[in-house]
Amino acid sequence: MQIAFIGLGNMGAPMAINLIKAGHSVKAFDLSQDAVAKVVAGGGQAAASAQDAVQGAEAVITMLPASQHVEGLFLGDGKLLASIAKGTLVIDSSTIAAATSQKVAKAAEAAGIDFIDAPVSGGTGGAIAGTLTFMVGGREAQLERARPLLEKMGANIFHAGSVGAGQTAKICNNMLLGILMVGTSEAIALGVANGLDPKVLSEIMRRSSGGNWALEKYNPFPGVHENAPASKGYAGGFGTDLMLKDLGLSQENAIATKASTPLGGMARAIYAAHSVGGHGGEDFSSVIKMLLKKG
Amino acid sequence: MQIAFIGLGNMGAPMAINLIKAGHSVKAFDLSQDAVAKVVAGGGQAAASAQDAVQGAEAVITMLPASQHVEGLFLGDGKLLASIAKGTLVIDSSTIAAATSQKVAKAAEAAGIDFIDAPVSGGTGGAIAGTLTFMVGGREAQLERARPLLEKMGANIFHAGSVGAGQTAKICNNMLLGILMVGTSEAIALGVANGLDPKVLSEIMRRSSGGNWALEKYNPFPGVHENAPASKGYAGGFGTDLMLKDLGLSQENAIATKASTPLGGMARAIYAAHSVGGHGGEDFSSVIKMLLKKG
Amino acid sequence: MQIAFIGLGNMGAPMAINLIKAGHSVKAFDLSQDAVAKVVAGGGQAAASAQDAVQGAEAVITMLPASQHVEGLFLGDGKLLASIAKGTLVIDSSTIAAATSQKVAKAAEAAGIDFIDAPVSGGTGGAIAGTLTFMVGGREAQLERARPLLEKMGANIFHAGSVGAGQTAKICNNMLLGILMVGTSEAIALGVANGLDPKVLSEIMRRSSGGNWALEKYNPFPGVHENAPASKGYAGGFGTDLMLKDLGLSQENAIATKASTPLGGMARAIYAAHSVGGHGGEDFSSVIKMLLKKG
Amino acid sequence: MQIAFIGLGNMGAPMAINLIKAGHSVKAFDLSQDAVAKVVAGGGQAAASAQDAVQGAEAVITMLPASQHVEGLFLGDGKLLASIAKGTLVIDSSTIAAATSQKVAKAAEAAGIDFIDAPVSGGTGGAIAGTLTFMVGGREAQLERARPLLEKMGANIFHAGSVGAGQTAKICNNMLLGILMVGTSEAIALGVANGLDPKVLSEIMRRSSGGNWALEKYNPFPGVHENAPASKGYAGGFGTDLMLKDLGLSQENAIATKASTPLGGMARAIYAAHSVGGHGGEDFSSVIKMLLKKG
């Protein structure tokens, strides 16, 4: 299939390459020439512009940093939607506001284009390995149309609901993840302040009612999980500033829907203070540093 | 073995009966005659007093409401420690302050008595079924001495560290449980405010990085888990006021150790407000009511 | 002076009438005919549309509910800016996002129109009495041009900085107000739980380092301040839902600027839960109900 | 009058000296010889022990670090109460748990001794200048008996209620102070992140509904108040660790009375994290550093 892939960062580039490996023909565009070069090295074609990329494409996949980029690309000055052929499938895998997904989808629908939101979780590791999780918002038939492509890039595909629901599911999940990471860090730090061994305490909680994903795979205390960022100086992984962005999206959504999210709001404030403290580029599990006494 | 069991509430009585079923001889005491009668009906002997119960006992098990009861029993006016024979094993399964466990253990040690703290999780269901989780603080040899008895009452036995560590592990775990229940409730309520199906969203988060014990077994939204309290009008289960007590213990500990537990403190305040709102007797997952819009 | 006044709600109508009393000629518009009728009864002229209102006006004053209304009015379909004469002064007294004020101001400047943001505090009482506080964003000369009009409607006029700064100052102030009201409520509720007299405790804190505006004029406990909403069943005053809106604006701003506002975020969540609990229409000091034990 | 003064730290020593200046005869004791020497240099007599100090005293004043010291002194091993003559007035100015004040007062009453709690605010500056604020718990007649002495050491004397009420009033006030210092810091940091001048914003809020003691006298932003610790590198003033102690007392009280104090709990967690971050010895207004972006 002829695919246009727009947005070739740490996530987008390996996703595009996985599609190429699966036999698809990918025409790739990014504002950075270096990013395009990586996909070309992986067997893709370079597009001179987003408009160029979508010429002849049966499917368009976008992976952009924020709401304004998605809205700008499809509806703004260049108005890419006008260049996309009727009947094309557009999969937006950016993590953005649900309201933006819905706005673009409405314009797409009017133009006879299938637009779904399909944000991912799983990080750059999952993007390279092709084991991402997709949370999809759109109609059943639209998802089925996208599924063969999504399966080349990911291992789990969830249908969250109508368009925008993928974004909502993702920010709900990531808000909960932020809460669990801070909460798990607090529990371990409290145990350590009482002289407990963090490994022993983590194992007890993991197998008890405090059990959660962080205790399972991503322990914030150095040395508990050998392959977790905490054991590698908090390098790699999912950065503090990315978690801060997602917690911001969840709080914007909570404000718009008048929802009450006390721990979600607190987690955002804690990650914002952690970023102010100079840890924005470290893995988000480094938040435990704010809580652990030295020495 | 001749065992004294003191404190025969909803947890203590079935624990005592499981020991009897396993062939032990149990002499039981409680301030409530009705409570004693239940254990007698289960094959136990009634003791006229705590002093009476411990006469001739090789092991003493206590299950009391709070720190002051444990300290009062062993060190207070009656000074039960003085009535317990040298060499006896004392297992305190109450959930109390670690500092109190340590204080009683020190006095016990001076009297040649083995005292360990072994608080439980698993609720009244686990107490009846004999599938409790014990978190034990004490020396390795003391735990091994207690193990044959603990195995009659529970399915998981964790050695958390030296005396008091069982209490610390339990409050760390339950603090984390309180946080994840509120956090999970927030995430579901936010999804519902956006029109998502709570079952679908819960399943997505359960299998993603938001996964935790509440999403696995104890979903706070009615109808997601058929057997969870949420699907039974929030009856049974682990009451709001019990969670409030445990969160209070965790915060007292955090104050004493100068630890920072922002989400733990917030969870306590939320459960306190929920109790003030008249929900103290409902299951602790009913906290989602504070967040869900009506109608 | 010929003035157009658009947005004649509980705040806008009495503000317009104060300008009329001061001798100005006011042409008033609102989507509600009833609202227009009130200003006509006060001596104003009815405008058939916003476009009609601004014809011949030397100054335009707007008082609208939210960002989208201000942006929609000036830049949207009707594009009111195009109907306003070059050289006109526009005063927007709505409480909206600073970014929206700046966006409209930029378009106004390009059209040769002076646009300033001048949100108010002081409530409907202050609007009627002409004692509002204005927090103004704009150039010094623009503020001086507006001052004679603002003085007819308010008693305090603060120059917060360049355009948008009035909005920022207002949401900073109102975020702090929300925090102080919840904090004061907590302190009083804690004292009452310990048997203290709320009047005595309030007076001690008012004269000590806990002193703040709520303790001075707006005590949340019934009966301490005779004229405060708390002493009138929490009727009138500044509603919970209005405080929730302002706290939402402050949090949206914090997200956009990556600022950390832990207590501000928590205050928003508390007011959201209070609104969910059915108290959205009561004065915002009723938040103390969430904290005070009954009986 | 012959007065025993026990506890001669940064607060106690100048308080004792003010009594001497007023013509009283003070016999002073502290575990530190240096501390005693200061009061002797100020005209006091050195006592060899607490027992020695109270011999012949008509009034006993204590100023100790924490609950355990007060309980230990009066009821513990030395049991000072037994050495104090019937009819003596005891004024405890330590900041401790209300429950401890009540426990000691009960034992004192049984021994025919008048015991009141009278914690202070106003810092070392107020202690030296004799302008402290006393918050007194005890009977009216007991307070009147103490008043002539309190007036030599302080400028404001509040009767909070029965014994223990002074302590409760103080922790309610200081909890509120902690909240308003963090809240004021958040509001200023948010304004600064938006480009506002912190002086201008502070002045607007001070005169609006965000007005509070910190904006009045103790602005956390450097340079706004010339004499505030913020303008002196956060040296002097009321230390972060002292605020953390008082917030801990308020939370222990909230736990004991099952009160909900969301912002108070959050303020404690924030100060605990600030202390963990190495700022325990700086003035408590330095908490704004956690929120302000660098550069």
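For clarity, chains are labelled A, B, C and D in written order, and residue numbers in each chain start from 1.
Here is the rule we use: contacts are C-beta pairs under 8 Å (C-beta built on N, C-alpha and C of every residue); 3 or more make two chains touch, one makes a residue touch a chain.
Model, not experiment: these values are computed from the prediction.
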{"item": "Higher-contact pair (C-beta pairs counted), A-B versus A-C", "value": "A-B"}
{"item": "Chain pair among A-D, C-D or A-C whose interface repeats that of B-D, sharing over half of the contact pairs by residue number", "value": "A-C"}
{"item": "Length of the line joining the C-alpha centres of subunit A and subunit B, rounded to whole Å", "value": "39"}
{"item": "Whole-Å gap between the CA centroids of subunit B and subunit C", "value": "50"}
{"item": "Computed distance of Cα centres, subunit C from subunit A, in Å", "value": "38"}
{"item": "For subunit D, residues that touch 2 or more chains besides their own", "value": "254, 258-262, 264, 266, 270, 273, 276, 290-291, 293"}
{"item": "Subunit D-facing residues of subunit C, complex", "value": "98, 121, 133, 135, 156, 158-162, 164-165, 168-169, 171-177, 179-180, 182-184, 186-191, 193-197, 200-201, 203-205, 207-213, 216, 218, 250, 253-254, 257-264, 266-267, 270, 290-291, 293"}
{"item": "Residues of subunit B touching subunit D in the complex", "value": "244, 248, 251-252, 254-255, 258-262, 264-266, 268-270, 272-273, 275-276"}
{"item": "Touching residues (chain side subunit D, partner subunit A) in the complex", "value": "262, 266, 273, 276-278, 290-294"}
